[in-house]
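Shared between the two complexes below is chain A, which pairs with chain B and chain C, respectively.
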Partner chain A sequence: MDLVKVEEILFIATVISYLVSGGFYIWYLITRSEKSLRVGTMLLFLGLMAHTLALILRWVSSGHAPMANLYESLSLFSWGIVLFFLIAQRFYPVQAAGALVVPTAFLVTSVAGVFYVGPEPLVPALQSYWLWIHVTIAMLSYGLFALAFGAGFFYVVQEYLLKKNYRNVQYAFVLLLSVLGLVLGLWGGSKLANPAKVMDPVTQIASNVYAASDYLMIAGGGVAGLVIGLALGILAGKGASKPGFAKRLPSLDVLDEVSYRGVAFGFPLLTIGIITGAIWADQAWGTWWSWDPKETWSLITWLFYGGYLHTRLTMGWRGRHSAVIAVIGLVMVLITYLGVNLFLTGLHSYTPAG
Partner chain B sequence: MSTEKAAVIADSPDPDKAIFGKSTSDFLILAITAVTMLVLDVVLSIAYYRSATAPDLRWLLALIDIVVVLTAYGALGGRVNRTLLSMKLALTLLFVILILAVLGTIIPQGETVLTSNWPKNPLYGLYTHAGLFDMYRSRWFLALLYLLGFNLSFCIFDRLPTAMRRALRPRTDVKELFIRKCPASAVLDGAGERGFEISKEILSGHRYHLRKGPPDMAMAEKGRWSGLASICFHLSFLFIGLGAIIAGTLGFSERLEVPDGMTAPIPHTDLRVTNHQFKMDTEPVKEGGRVVGYRPSLYSSDLELFQNGQSLESKTITVNDPMGYSSSNLLVTLLISNKVILHQSSYYRSPSGGYVSVLEATYKPGKSLVYVGFGLMMAGVCGIYFPHRRIWLKKGDSGELIMGGRSHRSKVTFQNEFERIVAELRLTLGKQEAK
Partner chain C sequence: MHLAVLGINHKTAPVELREKASLTGEMCGNLSRYLLDDDGISEVVPLSTCNRTEVYLVASRPEIGRHEAMSALAGIAAIELRDLEECVYYHEGETAVNHLYRVAGSLDSLVVGEAQIMGQIKDAYHAAHERESTSVLLNRLFRHALEVGKRVRTETRIGENPVSVSSVAVEMARKVFDELEGRTVLLLGAGKMGELTATHLVSHGVSSFLVSNRTYAHAEEMAEKFDGRAVPFEDLSDYLHMADIVISSTGAPHYVLRKGEVERALRKRHNRPIFFIDIAVPRDIDPGVNDVYNAFLYDIDDLNDVAGTNAAQREKEARKAEAIIDEEVENFIHWLSSLEVVPTITALREMAEEIMDGELKKMLAKFDGDLTEKDRNRIEALASGIVNKMLHEPTVELKRAANERGGYLYVESMRRLFKLNGAKKANSKRKEHQKVERIED
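Presenting the complex of A and B:
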């Protein structure tokens, strides 16, 4: 059996174990069953082992670090999430967060699976040591912004819980999951509508390439995603709208500080990520900035978090205001990381050249 | 009380008066400057837009635009200083630029607009003139960036003295009330002289640096350069912006297509480049185990650079390994980056057979400024990890020890650290008491 087949099997095993483990973590949050936590952790650990092996096999068969296309990048990202979480769980009491982190890792890994491509050598433009420096730093910053998002979201939830404002707790979950569902649905719809040109639907809408039936398909996907998101949001909101749930979340101060820390460590990393990208571009293309969509969106994200830091450090915003900014910030990060590649065209597209 | 307050206000320098006062002569100067700049702006604009061969001077026009707007604003009674110093303006500008940048990623920019359906739009001509399809280089976008740059410079130079003072001259002598009113504070009754000495030791243990002050006081701090780090970070924008303007105005970036074995002149210079050989390695593209084609795995060009028929340098370049040439020595090159660089951009197969290597010849003076900016930015941004934390100690009149501390960032973490220090102090004092 060749390496590629083994890698595929390991990857599928990873996705399944993350899914099942996520279920156990959610069960643990609801019932506080220690047994459920142990099984979930064990499964997550086994999944991580399989994932690590899959990544190593990919590295061996392609001859480069697994960060050259969307499948490899997302797979590596979810691997990082799980690794960090397991380490954090070993040393800090963060088991409850697993109910959020592990399903997220599952979602990221399965999206990676959607973009599965076989191992390929690096295209000439990427054959540089800057690749792993630039990509690793950028992905670390994304991860930290995701942490800031998570803490920020639960800050908002916790604040409403403490005020016994359960209606707003509901709204928070419904808003989050329905937006997620809507975007995933729209994207899925555009994939069905025009599979040949799926990589840049926004560019195509702006250039008027779609036919009416395509728009119908996209809208249909969006509606389906929205409905599923709404249903999940209502379910999750119902689950969280209990006085007991507030005690399972960290205190407002801790959530605020964690969210801030995420930005405070993510921002310098994003800065260095952008600068290393600029230096690399200068070396390879002779220009450090070309207003390519990925560059522009990273700048937008950077300016946005710069705004966060200014409102916080100079104007003294804290608490809910900062939390909401951190939550919106992840939208920018997701557009920079995925949206640009999935919806727009540019130099950073993960498609192989030619 | 009110007269006292008024006297204090009269004594303190009015921030509005720092550069532009509000006297009649100031208004006159501002008005004359505004009108002169406006005339200059209009004349230059007409000259620029009528000439087909003028170099890209939009950066200059945008700069003058902003000066006109600011001086006119001042002449009409606006407080230029206060406006340029405000964080609100900075955040508003950030937000506006952010939105425009988003639009620029959705609306096709540059040549891609020609392949879209935009040219069919009845307002296409108007949009083109408005710079919608070349947004990031358009006059108004640059003007906004300049305004942000002015805003930034004002804020930097406004804060520099305070940051310098804070870093270089620690406030060792403060009033008791100041210490008591610190965000983190504690009073230890009966700690006395012993408690004072022990607390200094404990603070050193927490890697605080003790500063000398009056005998009944002590001050300990860490991360005192943090304020300057922030200045460094913001200064980096000015370096990068200036470098980009210099590179964009004095530099060039030219596409060269050199077939195998041929020589081509490099525009704007007296250099010529010969492409001795273009080489390409390929690898098979497999689909379901079947080879469906080949794609390049690596391509390179054997280049040799000539000046007046004399060979200067030769190198085999690839995409990530370009070739640079400078006529001056290393130090000068580092300072003004007067280097012509040849990048391997792409290639194509010529109709007559053989490959044509596509090179990008770039010359970017000002690049050194940009790199200094990158350095400042990375150094400055790391300052965020080291907030400036200060703790003051004072021996009270009745043997108590008053402690107060403040941090200009990460306040919760500091609060925790402060509480740990106080707890440690109490524990040590208690232990000594027990002995």
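Presenting the complex of A and C:
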């Protein structure tokens, strides 16, 4: 059997084990069954093993680090999330957060699957060891921010629970899931839409030209996603907004700590990621910084997380305020990481069209 | 042999009687010796806690057990026999086993799910074992009971959700702080509940206490109890920011802590959370405090609400525990019935005859029809003669021993030596045997 086939099978096994593991984590959150947690963790670990193998195989068959296209980098991203979560779970009692983190990893991995492309040699522009350094570091920081997001979201929920403010618990779930639904819906819509491609004669960069019907498709997807997210949010919020749920979540202390650690380690990595990117840009494009959308958004994200650390360290912010920043921060990360690649055009758009 | 238990507990007897019936270690020893002097009683384990006094025993006839245990208990605890008779319960066989397992699973406790009973049973059993008042039956029963208790605790969440107000307060505080070690507690007022909650916190590692009271002397007194520091009531706002947990139980007719003070304190401590426990009625702490960022306020109603949900949770878990207990009782009864003499002898005979038939068949086949009918009969008679002679003495001895103290030992040895597991349900039974053996190890 050739490597590509094996990699494909391993990748599918990964997606399935993340899905099932996520189910067990959610079940653990609902029932607190230790057995369910053990099975979930075991599956997640096995999934991570398969995932690691798949990435290694991809590396071998393509001859470069698996981060050249959206499939590879998304796959690497979810790999980072799972790795950091398993490490965090080893040292902190954050098992409950798995109900959010593992399905997120599943989602990211399956989105990667949507963008699946076979191994191919690198686009000339990417042929540099900087790719390896730049992308790995950026992905690690994204994984840590995702962890900070998960812990931050549950911090907010736990705080409302402990304040006996059950209505806000519901709102939190509704908001999270409807935003998630909206984003996924928009993205799905944009996949269905089929914009014309126009090649810029000077830069040789393809850009999308959207027609009215394409916008309608995207908007329709957004509405559908929003409605589904809303419904799920109401359902989840109902289940979570009762006193007993507080017992299943980690303490505020732990959630705050994990969220903070996520940002505290993620921020320097993002900084290095941006710096290495600038160095690479200087070598590849002859300029350190060209206000390409990805560069702009990563700067915004950087400033945002800088704000998190600043308010925390000098102004004594902690708790809910910080947690909310960590939650919104991931939205920035997603815009930087996915939005720029998918919706905007610029120097960083290496995604094969379609 | 009859397994039985006689006893009183918080459901059947008033506290005065339970106090009298509460036995010291020495009294338990006397009770055992007295009972074992009776030829009809072969094993005794007394169990005495603050909510129950029970005597587990093995008697040759059920009436003996009841009568002897009752008069012994009345005699040693100096209770009128008539008073005791009114509140006593007496269970035999399966019901007795079920009773002990429910006690071990803390289903029979005043607070369902409490954890102490396991230790008490263990101590009672070890004491009895040391004074050699137990043998095969009660040894296995008690070891199995401890195993059942452990199973109930690990497989159900019966002990997980606290049901008392003070332990709920600690549980909620731990949802804010995780670890309570190294936290500072401010104790306001000298209420009993406040003190109890503080004691609970000490058991979770809290060692730093500030105490304040309108009467400074009272504060000093309480501070001494918790190895803490008394602070003047008027200067409260100067100390509030030092506290991670505030417990208030003053008799003040108005709020002692207001929102403004709490806001200032939180600013002073850079928003590190404060957990307020207000157990006073009327309330001591302005309910608006709960709206302050990183301040969490629980009053007596909130705590009672949580305790109520927890109690309901325990009820649910108790039903799961009952199922475990039923299963384990069945296991034990199964083992017990294997110790009956008659089935053991039958099994032994069956085994011997099976071997004999097999060997005969093999042997006769070798002769290949060279034998006359008469020869065959002779050989068969020889074989069955040997078997019968061999089995005669053990059978008689077993029957005789069955009515003696420790007679189960013979039956058990017989079963083990000859591997008499009984043909029916062989598989499930073997599993149980292994299980029970593991418990014994």
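Keep in mind that, in the parts below, the second predicted complex is superposed on the first by the 328 of 354 C-alpha atoms of A that agree within 3 Å, B and C clash if a C-alpha of one lies under 4 Å from a C-alpha of the other, contacts with A are read in each partner's own complex, and residues count from 1 in each chain.
Rule of thumb we're sticking to: contacts are C-beta pairs under 8 Å (C-beta built on N, C-alpha and C of every residue); 3 or more make two chains touch, one makes a residue touch a chain.
Just so we're clear, the structure is a prediction, and the values are computed from it rather than from any experiment.
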Is this a clash or a fit when chain B and chain C both end up on chain A? fit
What is the angle, as a multiple of 10 degrees, that the CA centres of chain B and chain C span when seen from the CA centre of chain A? 120
A:300 in the overlay: touching chain B, chain C, both, or neither? Say first, second, both or neither. first
Touching A:32, do we find chain B (first), chain C (second), both, or neither? second
Mind telling me which of the two, chain B or chain C, contacts the most residues of chain A? B
Contact-wise, after the overlay, does A:7 reach chain B, chain C, both or neither (first, second, both, neither)? neither
Go through the superposed model and pick first if A:246 touches only chain B, second if only chain C, both, or neither. second
Which partner does A:317 reach: the first (chain B), the second (chain C), both, or neither? second
Just to be sure I read the superposition right, which of the two partners does A:214 touch: chain B = first, chain C = second, or both, or neither? neither
In the overlay, answer first, second, both or neither for which of chain B and chain C A:164 touches. second
When the two complexes are superposed, chain B comes to within a least CA distance of chain C, in Å, of 5
Do chain B and chain C land on any of the same chain A residues, and which? 253
Complex contact set, residues of chain A against chain C: 32, 93, 158, 162-164, 243-244, 246-247, 249-254, 316-321
Under the definition above, what is the set of chain B residues touching chain A in their complex? 87, 90-91, 94-95, 97-98, 101-102, 104-109, 112, 115-118, 136, 244, 253, 283, 286, 295-299, 318-320, 322, 341, 343, 345, 360-362, 364, 367, 370-371, 374, 377-378, 381-382, 384-385, 408-410, 412-413
Flag every residue of chain C that touches chain A in the complex, lowest number first. 157, 161, 171-172, 174-179, 270-273, 290, 293-294, 296, 302, 305-306, 309, 313
Sort out for me which residues of chain A touch chain B in the complex. 118, 121, 123-125, 127-128, 130, 202-203, 206-209, 253, 256-257, 260-261, 264-265, 267-268, 271-272, 275, 278-279, 282-289, 291, 293, 296-297, 299-300, 303-304, 306-307, 309-311, 313-315, 340, 344-345, 352-354
